[in-house]
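Okay, so subunit A shows up in both of these, paired with subunit B first and subunit C after.
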Partner chain A sequence: MSTHTEAPPTAPGTAAPPDGTVTPRRRTRATPRLIGYLLILPTVVVLAGVQGYPLVKLVLLSLQDLTQRELFSGLPAPYVGFANYARVLGDPGFWTVVLRTVVFTVVNVVLTLVLATGTALVMRAASRWCRLLVTVVLICVWAMPQVVSTLVFNWLFDYEFGVVNWLIGLVPGVDMDNHDWYANAVSGFGVITLIVVWGAIPFVAITLYAGISQVPKELEEAARVDGASAAQTFLRVTYPILRPIYTIVTVLSVIWDFQVFNQIWVARGSKPEPEYQTLGVYSFMHAFGVNEYSLGAAVAVVTVLLLLGFTVFYIRQSLRLGEID
Partner chain B sequence: MATLSARRPRSRGRTVANVVGVAVSVVMIFPVYWMLLTAVKPGSEILTYTPRFWTWHPSGSNFVRAVRSPHFLDALGNSVLVAFGTMLIALVLALLAAVAIARFRFYGRRAFVFVVLVVQMVPLSALIIPIYLLLNSIDAVNSLGGVVLTYLAFVLPFTIWTLRGFVAGVPAELEEAAMVDGCTRFQAFRKIVLPLVFPGLLATSIYALIQSWNEFIMAYVLLSDQNKETLPVWLVSFVTARGIDYGALMAGATMMALPVVVFFAIIQRHVASGLTAGAVKG
Partner chain C sequence: MKHRLIAAAGLAAVLFGAAACGSGGGSAASGGTISTAGDAKASGTLKVWLQVDAQTGWPDAVKAATAAFHKKYPKVTVQVDYQQWNNHLTKLDAALSGSTVPDVVEMGDTETTSYLASGAFRDLSKSTNLFADSANWNKGLAASCRYEGATYCVPYYSGSRTVFYRKDMFAKAGITKPPTTYDELMADGAKLDRKYGGDPKFSAFYMPGKFWYSALSFVYDAGGTIATKNGGKWQGGLASPAAIKGLTQWKAMTDKLSKASKTSDEANPQQYTVMAQGHVAMMYGLGWEGGSVAADGNGGNPKLKDQIGSFAMPSAAGSTAMQSFAGGSDLAITAKSRHADWAAAWVAAMTGTSNERALMRAGNIPNTTTLLDEAAKIPALAPAAASAKNSWMVPIAEGWPKVEKSLVLQNGLADIASGKKSVADAAKAMNAAVESTLNGS
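For the complex of A and B:
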């Protein structure tokens, strides 16, 4: 933890004592502390019940062997140690899923960041009416529920009557009649990537635009006057100023894209084939598809641990940015 | 003449940006447009080998088929209940917690903030299995209350964190001044802080509303009775149950998406600033 967080937690706007030992007069009574506990109590109860307990339960479950028999009879499931983990980690299929998930995440995050950056830059350079147009479009896209957008994209990419096949078929010599995009997992993931990136661009673009519009124009103009190209100006002047924003949208995107579930599930008509399974889907299929709850739990624990690396990074970054206090 | 040529390089860049901006807008909005268009097209214009990009014969028949299909009204009612239930409870809990961490000092406060931030990162799909087993063991599977409870956990971290920013942004001196003038602590809160954090309340409530309106997997697993389905589950089952009636499907999709878009557009500025306030402050 950085030293910054060791500072006494005081509301911004209050004159904080510099060394943290002298407490302001109005904080010395015991009641404010009690009020604080009372205020967070309901949240603590809810989070403990619906996040804390299930998390503990998840870990326990991954060490047990819970089958449908125990589920319906209510008998305690026997503990099997790390047998589930041994099975999961020893399965080459699992590592294929991990690799697929990582590649999927990287591709989606990179595409989202690049396209969102482009959109944000265009928004800044464009006239006001055009910026408004782009903003309205982004808001509409942002608001689209994942389930809905996936169904719409499936319709766009329909093998028989889809607009996309018709459009590509306009290119001379290309025959896209009855081309099934999901027949091949690579092109299928291409469509799913499109759905995910399309839905992810608005948040990132609007956040980046908010940051970019804060960058003083004089700085960039000075760089241009000194002979920097547009790309150099962006990389050397604009990007360093926006770095904190980039860090956060990147980590958030990684966390979101790593656990993409809805788009894959709905795109494959609630029955994703093995070659379409990422970690989230894989765990889910084990638990609810074949009732191997414990195996699914072990996969989920591994997923959480993988994400925890990113989480620690994210939290540390937040602390460094001075978000807490 | 001189002024025109002096302005040209700049305006040329602007023209290029405008053209790109329009192109980006057209591509980005097309799926939404196609959804709306398909929803209002008469059946004969939907399944055509050469797509029609406009219709001169808009009809409501797709909507009628969607609404009359089994369980649509149940799903709509359930979605409304779940979304507003989650929103109201999340709002109260989050405001209390946000005030606590922005205004009060207590042991464990930092641990609480840490937990709230970490919880946000736990993947939803990882918790489905234990949550399902938990609700199953207390016979709360197929209960909307169980779903609301689950959604709360996923909505609270963001709402608390965003509201904290808004509460912290109100100078404590304002409250103190009100208390010097004879207000109680609660009155000072109600008359000074509450109005000032109203945009934050609006933004977070819309966020909670949209999240719980859109959520799919939890509802899919926890609500197996057809008359307990929420809209996203209904919509997805609509595909598998009866082949693909794209007209009615897009009409259903429109009905699910439209309220979200409208809500989102109304408070767009607050949501954007609310999201960034949480993430980008510093």
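For the complex of A and C:
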């Protein structure tokens, strides 16, 4: 700290706030800053083209009434203002879908985080070869495309020939022949949750393990010496250190699970029943299922806003908690 | 979000493309006349989208059509792409909104109306003489190609459903001949159940809960309809007493004879693959499905060769055979196609008389009534040919494809089959959804 005034700023372009004490250096700083902007320019251009332009188009589309006729003929679609939004937001079915999506997201994110934390702790405690084995398995799971893994799970839970039904049926007195897991939306979502959580654990577990392995051993040892239990050590010592990682992992998981699509779509044979529609599926069915492109776009915009609202709220909340500590 | 963004980006991109270059070519082309006289010098690529059925069922007919086409246009390359039923319309919408379009597309006969109404296909009214025996086109298919008096596509083939049964199982259960009345069918089902009931997977009659072509055959059989047009407005018929009677009979039959999943349909899993596994005595299927049960490969079971027979589904209302859904396919030429001449020549070859005979041999109902009489003389096709003459069709309404794609019928039937809703409640819900969709609200 004592070298503060002598040392030249290490990374001139970054956000390190110059407090104005070293006025003569200001002029030289303009060039590096310009270089900084130039360096991020390609990224900005690509992002604007790949993400920004479709987003603008999406918003415009949600304000139009585009039907097949305009789509095929290339005629401009009429603008209808917020009529699509009024239809979406005024439909009680939509709010059921939102509620279903929120519940689904909460269950999946909590399960993912809990199981991934467990996996990460096991990895730290395990012997070297075991850790290697777990890592390889996690990466294999991670590498599997969602559609493929969903199809595999579909076969496991198949109505006619599924191995799960056969296995459970081996228990004396249990008849699982031709048990339909998707007949009831709760058990159906159970299977879908299994598929989603199974696929989500690797990334979260490996990220958390990376964080956990950086927690200084001395801190935890000190806690243990002072008589803290394993749970207390984790909650009071390890977790607070890992909080930034948890924040990122939670936000990412929420975003992924909130818009889950592939797993539901494939599990229900591309014909999801109303009780299996989450926001992603609902929007797709409107836009491309029944060709109400503009209505689907409006649902998509509402989804983005909901997610954005949550993310901002959650990150602010986490930052505030961090300050209090 | 990724999917939607990609989709939106794609949509946006194609929209942009369409706006830039679509308006010129498309509208001008649809006015002119089509000639299939042939041109030895013309070169380029003709793009054809057929459904997978042709790939597995009658690849030789496709080859023969292309060979006949090449006699007229030797230098034109024919590129046939096979599409899946469950997503081909989404792909078609995306393609038609751009400028690089397939020239020939196969459409299910219940899918056409909204495309005819939105001007996706070329008007062929003045060119029907280019296609074989067009005066005697199958009525149901021809109706699915007509919109406001003009003809926009060419009937390709149709398929009506009959019952396929295991001859060996019938014999072992002591049934000497296939049933001809509904009561006999139910009695034979009970006999089969007594014989094979020890097998927990056994279905005397395999009937998945979302098999709407079958459930609605019961509705039409009982005198009901999906909807009828009344003074410019569509009036739903699914909540009528006749329709409810038909649905109730369907449920009773399903409950009694089938162990199929209540939440699956006839295509997922393919019902012939289930029958091939040996736990099913009867199924209600298309000609090619019956043929595929004992096929070598594609999920068939060659051990069942010579054990599969067929009979017409008996009517539950008393008359001889149950009305069958007039399913089928048409071939259309896209309005944006730059090679309408080539496309018409290829369609004419594909639907030519010799080619239609090849389709018949593959278990399909041909596209003309002239050939249908021929089909009736082929023993394996006779029940299907008979039921093709006695068939029902979905409402010819611009909104119909939306009804199909919104899955209201399948989901409503699953509610009935699983007992989640009473027949009357589910029928009422389906009826309301169909009515409001058809009336475009």
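By our rule, the second predicted complex is superposed on the first by the 259 of 325 C-alpha atoms of A that agree within 3 Å, B and C clash if a C-alpha of one lies under 4 Å from a C-alpha of the other, contacts with A are read in each partner's own complex, and residues count from 1 in each chain.
Methods note: contacts are C-beta pairs under 8 Å (C-beta built on N, C-alpha and C of every residue); 3 or more make two chains touch, one makes a residue touch a chain.
Please read these numbers as outputs of a predicted model, since none were measured by experiment.
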item	value
Partner chain(s) touched by A:L111 [first = subunit B, second = subunit C, both, neither]	neither
Partner chain(s) touched by A:L133 [first = subunit B, second = subunit C, both, neither]	first
Subunit B versus subunit C as contact partner of A:V44, first or second or both or neither	first
Contacts of A:Q68 with subunit B and subunit C, given as first, second, both or neither	second
Residues of subunit A touched, compared between subunit B and subunit C (which is higher)	B
Touching partner for A:W142 - first (subunit B), second (subunit C), both, neither	first
Partner chain in contact with A:Q259 - subunit B first, subunit C second, else both or neither	both
Contacts of A:V196 with subunit B and subunit C, given as first, second, both or neither	neither
Touching partner for A:Y159 - first (subunit B), second (subunit C), both, neither	second
First (subunit B), second (subunit C), both or neither touched by A:I212	neither
Residues of subunit A that lie at the interface with subunit B and also at the interface with subunit C	50-51, 53-55, 57-58, 61, 71, 74, 160-161, 255, 259, 261-262, 269-270, 280, 283-284, 287-288, 293, 296-297, 300, 303-304, 307
For the subunit A and subunit B complex, residues of the former touching the latter	5, 8-14, 23, 26-27, 32-33, 35-37, 39-40, 42-44, 46-47, 49-51, 53-55, 57-58, 61, 66, 71, 74, 119, 122-123, 125-127, 130-131, 133-149, 151-153, 155-156, 158, 160-161, 163, 166, 198, 201, 203, 206-207, 210-211, 244-245, 248-249, 252, 255, 258-259, 261-262, 265-266, 269-270, 280-281, 283-284, 287-288, 293, 296-297, 300-301, 303-304, 307-308, 310-311, 314-315, 318, 321-324
List of subunit B residues in touch with subunit A within their complex	13-14, 16-18, 20-22, 24-25, 28-29, 31-32, 34-35, 38, 46-51, 92-94, 96-97, 99-107, 109-110, 112-119, 121-134, 136-137, 149-150, 152-153, 156, 160, 167-173, 176, 210, 213-214, 216-217, 221, 232, 235-236, 239-240, 246, 249-250, 253, 256-257, 260-261, 263-265, 268, 272-273, 275-276, 279-282
In the complex, subunit A residues that touch subunit C	50-51, 53-55, 57-58, 61, 67-69, 71-76, 159-161, 175, 177-178, 180, 182-183, 255, 259, 261-262, 269-271, 273-274, 280, 283-285, 287-291, 293, 296-297, 300, 303-304, 307
Subunit C - residues contacting subunit A, complex	1-5, 7-9, 11-12, 15, 18-19, 22-23, 26-27, 86-87, 90, 93, 96-97, 114-115, 117-120, 200-201, 210, 259, 261-265, 268-269, 274, 277, 335-336, 402, 405-407, 410-411, 414, 418
